[in-house]
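In order of appearance the chains are A, B, C, D, E and F, and numbering begins at 1 in each one.
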């Protein structure tokens, strides 16, 4: 496949991803309850994981992709901690 | 006893090795050596958490069912569920009936329970809110509840998942 | 012109974040809020340092691409010169890598201190803590 | 509800920020700096993997790791020392704390679904962190990154399985301290191994030396013959692994201590 | 030829994912309570992150001109996709459970069996 | 102006603006748990900024530390102490 075509398509799709990120941010700021905000932060982090890999295509530098997996895994830990605190008020229990 | 521990350590090593190789994306001899060293060290600490009955891993039928399930789930079932929720998002007038229903299950192993629960949550439209281990019930928030009776709801939500999960893990 | 404006905007935003976090550290009474703002302050300082290492037109990280454990050929001087013309400055990044991890260790220490202070005085509010300490000494 | 004071503070902050950034931009300090401003960066980038200038190279395509552990190696050793001082200070604050299965909470944890998935994730995080650490001299990553990635595994396990389970699995204070000290000792050992070996032969060498120089022809070789010619960049590979051990174990130790039950910390306060 | 097909499959997955993501982001702003937003977020995470990650992995496998390094990107995308698939539902489930226990109740609702059972004391 | 350069500007624009908003919310929020979630959002935005600044090493270290460890650490502190900040 032609790399130039792929790049132009992917960079067009990046606009959609950035739109989604802005919309998620609105929910984080408006979010009436804490679970709402954490959910939106999660979705934001997963989106950015996709964006980072797409960026490594667009910048022609594969090494940028390396940060994607941490973002996916560490969003999970935020969920766990907030939920555990809300539920039990104590983390070690 | 010791045989089972060794078998589970070997299986865990292979699993971790697969993650390592896919993550690094290179198969040089040095990569394989380092991967084997690292994953066997980590596997010897974590194998007892991951696997309790390594004999199930040798069964080829379970793997075939697993592949079939993964294919069906990731294509047909997800597509249907996505379209449903997208319709609700784009047409606010669509009648919805959000409810938290009980979905009973009959599997025993932890992996089977987790597979069913994750399959339910991963299809948009249904989310497992809570699980009762003693009475063997999931509490599922369903965006468009077609039925609030336990058996009926189970037929709509989780019968396919349960059929496969039972064959794969139990 | 638009270039200048954009860079001005980035620096202005970073400066604003910097000032906001300093304001939070200095004015907010809660110890944990101070610690959170301190983490933001150190991160912003790191971003500023890395931003200075980025020059116009540099769009490659400072890693020579395409090398695995098995080496067939080593690059020659010309290809490395070509690479150096495109890559960003590695030095600020080096300074920041250690700064991030050490910042984490320091924050852990501060968190320990905050927890023990709460256990001793029953509050994280600095004004209350000062009042309690004065009450004890008098 | 917006107060006048807040508005004043915000406006003044904005004005100061605008002035500072205008100064930065208009004096060409940062954003559009000319090529003449970066001879050092060019030197590093051109020579870090240049085998033709073998007296300057670090034997690694990763400029960041090479500068971290080769060109500025001693600096990084001291940075690691600062890191350990902070960790030791944290431990010293709770030094009488003894974690046993009886004193470490009730051990509830979260639901069975979370536990099963976390089993898989808990086993996978160390292998990913290990991969980041051992490829530190080839791709982005290294000891610090791998270590801080590894520290997430105990954090996850503490919240999902509960502290009691972790303590019962043998994550005791002494073992983690021993592991962390091993990492630190390994760094020290690698720092002086070249000096020690060349002293036996009667050659001059530097502490933390990676590749040989004309005036100090000692050092570990960058490319070893393991089935194929394999690039391990001399000491960088080993230093990354030891730093991974040290940072990972040190952070895990602090977090295990940090989540100990509140009443244990209370005892700690009363004893002071 | 086969690589071409794989590449186009990857691009179409990415495109569908981007679309799903925007729709989910609209939905997460539109829905009235937390439990409904969970469903929108699932669309955003599975449709908007898992499938694009798979698509990017396939796409990078098909681009031969990138050389050996394409396996690097593909590997990272596939690993990320795997972890999204197994961790994201647990995150949603745990958040929903915590929210229900803290008292974020779904309003309006047809029936709430969980609340009934907890009030009856069948399930603690 | 190449494509990469434009993209870099767009990313920095988005990331830094997000970071500014999240920092402001962190500063004014009285509920410390919410402040921690906002600061996690700020960390994600900074991670994107590190990517845009071509520093994958830092993005690796910073995302692990900023999103995962900082928020976990602060929540642990809140669980040992108090949740609301006084006026």
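In this text, a residue touches a chain if its C-beta (ideal position, glycine included) is under 8 Å from a C-beta of that chain, and two chains touch if they have at least 3 such contacts.
Values in this document were obtained by computation on a predicted structure and should not be read as measured data.
Any chain that touches subunit A and also touches subunit F is listed here: C, D. Least step count on the touch graph, subunit A to subunit B: 2. More contacting C-beta pairs link the chains of B-D than the other of the two pairs D-E and B-D. Each chain's centre was taken as the mean of its CA atoms, and the one lying most distant from subunit C is B.
In terms of their C-alpha centroids, the spacing between subunit C and subunit F amounts to 11 Å.
Each chain gets a centre from the mean of its Cα atoms; for subunit D and subunit F, those two points are 20 Å apart. Once the centre of each chain is set as its mean CA position, subunit B and subunit E turn out to be 14 Å apart. Centres computed as Cα averages put subunit C at a distance of 31 Å from subunit E.
For subunit D, residues touching at least two other chains, in rising order: 64, 110-111, 113-114, 117-118, 120-121, 124, 128, 132, 139-142, 144-145, 148-149, 152, 155, 159, 228, 230, 232, 251, 258-259, 262, 265.
Each of the following residues of subunit A touches two or more other chains: 21, 38, 59-64, 66, 69-70, 73-77, 80-84, 86-87, 90-91.
Subunit F has residues 4, 50, 54, 56-57, 59-61, 64-65, 68-69, 72-73, 76, 78, 80 in contact with two or more other chains. In this structure, the chains touch in the following pairs: A-C, A-D, A-E, A-F, B-C, B-D, B-E, C-D, C-E, C-F, D-E, D-F.
If you check the complex, the residues on subunit B that touch subunit E are 19, 21-26, 78, 82, 85-86, 88-90, 92, 97-102, 117-118, 121-130, 132, 135, 139, 141, 143, 145, 148. In the complex of the two chains, the subunit C residues touching subunit B come out as 68-70. Across the complex, subunit C meets subunit A through its residues 59-61, 63, 65. Within the complex formed with subunit C, the residues of subunit E that make contact are 67-69. Residues 1, 3, 6, 9-10, 13, 16-17, 19-21, 23-24, 26-27, 30, 33, 35-36, 38-40, 42-43, 46-47, 49-50, 53-54, 56-57, 62, 65-66, 68-69, 72-73, 75-76, 79-80, 82-84, 86-87 of subunit A are the ones touching subunit E in the complex.
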